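Shared chain: chain A. Partners: chain B in the first complex, chain C in the second.
For the complex of A and B:
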């Protein structure tokens, strides 16, 4: 492995392996996400029962697939800063973070990416097994997680999910740095969680919001965490629309990394460490 | 060119202040008051390669701040710092690759990982050549007796075990300079001895430059030929430890048990510290009257059962020194 990326690859692998060990957390998270997914699916079914067919922007079966995807990949959204970093801020171990001969931004970034993907992997597989495989076998086809629109949609979805990891990690970095500034990450995490629920598609697929909001909803950064890849998955975004979605994700990734890096330099120059 | 050069270093912190109570908290919401704390006022010293320097001073004197600036974590407000020709906070990445740091009150190893996995991670973070790494690691494991700890998660180690692992972790990349910030804090006696012995050997045999801060004066006595005393952000003394002792508290103590009631003693340069029945404690200035002469004079006149000389404990020397300089923490 080239020496330039060796530290970052090692940090990613170590964190990934460590996070995979938390099996009880994965099972508990999965159970919660099944429960919420079930409730959401039933609420949507009730709504759609009263809608005239052909008048909804997306179909019930697309919404159900969207919901299971959202539940499966819940922890790929940047709900909070990296707990390892906020812990280091509180205990003062952040000094050691600055003692390593590597770029602190990149180091924290790969750790955030490992933290999120390792938690997402077991949850997503379990959800796929239940909602995608077991449901159809049990005759619950109408309630199940359907396959992607076509092979191209799946390929673009996979690419879009890679961008989700990149853009979410870049956002986690902003939360990490704000934890260094404020010494307490709880306030900002609460704020971010409500924005994510409203604007990422977590509560309601963005396509179901009023038409006049659609352009804004697609462009704002929170769509890049969830809504864009899922629309690509069920064929809601195709061709140039899908390309534009991917470009938006890439755009927000770059913007967040540029802001994060500049902010980090400023914050680290003014770092204070008090006591012992 | 010294290996470590510090000139006119100054660093202030800004601390938010508020009046006590609910009213004070509400006032703080509207108008925040800041107080400036001068952690370092004017610190200068230099250190040659291979030296072992002890850095002492009361809590809040600026020892840790100095170490954090030297290691590139903090940026000073003014003054000059160079370590091996590099300015730590300007060329952080190059600089930190050449130093090792242990903060006694914090942990650099990964809490949930076995010790050996933490070492392996550091190997990759410092981009150490695998062959060199294996050799250095095995040496450190043997010297610090870590064999049986390697596959235990760090959180299961005792403080003494953890500190030995921490020191090994700071040396895997074979740094030229080692900063130890209170490395013996909270350790039991055997662990302290082990740490001291190891640091001494590292300095003598490998020529690693060591700068250590401590509140344990036995660390200083055992390790450092040269001591810097810092107080209120300034260097109060920079001298060999023995010179410090001579200047501050040169008296020695003579403890005598007489066969009969302790007599009155009136000799030049001698003071009575305590008297209790047949026992007598004298303080004397060895520059005025030497211990052999004093003992000879007393045993010539009186029947003595037991007699011994002591130096004031090093803690007393330092406490007296802080006192003289008004350096004790407010």
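For the complex of A and C:
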């Protein structure tokens, strides 16, 4: 491994292993997500019972799969900045971050990526075991998390999920830097949470919003966190559509990293240390 | 009388403390408002695409939604001490001090903190009720207003009861149990839609075990002048919020049992 990458890889591995230790939190999160997912599935089923097949932009089984996927991968969305960094800003420990002989942006970025993936992994596996494996075995086939449309869809989905981690981490960085500027991250976090719920697909698969909003919904950055990979998964985006989706995710990743880096340079140049 | 006097003192101290940081309080309230009102957007989008479902219109759903939000906002405002009980009292050993004071522990926990940011959710609930009223062209007469207030009393009692149960569990688990969020926040989520949309076992859970249906679904049907598609008799509907008060009473029995078994973690 080249020397330049080694500290970042070590930071990733350390944070990843640390976050995997919070098993009780993972189980609690999983229980909550099952409850939420179950309610959503029942509500969708009631609404879809109204519609003739072929009339809806996506089918009920696709919506159900989408719902379980969204619950499984909930913590992979950038809900808030890294709590350890906002803590460090308030205590003044951020000074140590500036003393490390490495690039602070990359350092925080890697930590954010590890933080999110390690929390998502156990929850996703639990959800897959329950909604994907146990449900069909219990005869709840109609309510289960279905496999991807085909092998190609799965491969593209996997690629898209890698981009989710990259773009979410880039967005977490923007939140981290805003925490450095404002010292109190709670206001911006709740604002971002509202936008994420509404526009990522967390609230409702974006395809179910009114038709006149669809173009806007696909282009706006929040679709990259959730909706694009899920559409690819169930075959809603294929061929050039899938390629365009991946390109959009890559585009937003680059935009957020460029903005984040430039902003960080400016903020760090006039960093005021708190604490004493 | 001293209890009421004490509560007003607790209340004014807590509110004055939060008003020292008006910006933060306003931001948090606005955040609560936006994150909770978004759910109604989903209901709106689904109705826009699919039309009425099982005879329910958007206005009906908005009424369920608004009523449960108001109940939960008030309960959350009153029961912060119970909500935080594990982390702030058991783990730290601070509950010892509470027990030493010559007033009931429950009173002190209610007075522990009143979060003004809950106004955000309360405002959301009231606005959504207004939306429902406009959408259904509902006439509010004295009987309906009384029934709505009674429903909210039952709802507040139920949610406070859930928080008391959560706190009681902390006597054994030490940590606050996050799993209880399923029944509080998740309960709000479940009660936003009419019970008739749900599977039978889930419906029974929400009527007989955690009687959320009794503080939202049944009484709101009476407010809407709708018969229950599940077949509950019309005379029963306005009485159901009493289940919330019963739930609260049971939760305080459990709480007293928990207090009697309490052993301190402090040193």
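We take it that the second predicted complex is superposed on the first by the 274 of 276 C-alpha atoms of A that agree within 3 Å, B and C clash if a C-alpha of one lies under 4 Å from a C-alpha of the other, contacts with A are read in each partner's own complex, and residues count from 1 in each chain.
By definition in this document, a contact is a pair of C-beta atoms (placed from the backbone, for glycine too) under 8 Å apart; a residue touches a chain by one contact, two chains touch by 3 or more.
Values in this document were obtained by computation on a predicted structure and should not be read as measured data.
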**OP:** Considering only the touch criterion stated at the top, classify A:101 as touching first (chain B), second (chain C), both, or neither.
**Re:** first
**OP:** Determine, under the contact definition given at the top, whether A:187 touches first (chain B), second (chain C), both, or neither.
**Re:** second
Original post:
What is the contact status of A:25 with respect to chain B (first) and chain C (second): first, second, both, or neither?
Top reply: second
**OP:** Classify the contacts of A:208 with the two partner chains as first (chain B alone), second (chain C alone), both, or neither.
**Re:** second
Original post:
Looking at the overlay, does A:47 come into contact with chain B only (first), chain C only (second), both, or neither?
Top reply: second
Original post:
Who wins on chain A residues touched, chain B or chain C?
Top reply: C
Subject >> First, second, both or neither for A:197, with chain B first and chain C second >> reply: second
Subject >> Where chain A meets both chain C and chain B, residue numbers >> reply: none
**OP:** Would you mind writing out the residues of chain A in touch with chain C in their complex?
**Re:** 24-25, 27-29, 31-32, 35-36, 38-39, 42-43, 46-51, 56, 184, 186-187, 189-191, 193-194, 197-198, 203-204, 208-210
Original post:
Contact residues on chain C for chain A in the complex?
Top reply: 24, 27-28, 30-32, 34-35, 38-39, 41-42, 45-46, 48-54, 175, 177-179, 181-182, 185-186, 189-190, 193, 197-199, 202
**OP:** Spell out the residues on chain B that touch chain A in their complex, using ranges where they run on.
**Re:** 13-15, 64, 68, 71-75, 92-94, 96-97, 99, 101, 103, 105-108, 110, 112-113, 117, 120-121, 124-127, 181-182
Original post:
Which residues of chain A touch chain B in the complex?
Top reply: 3, 6-7, 9-11, 14, 18, 91-93, 95-96, 98-103, 269-274, 276
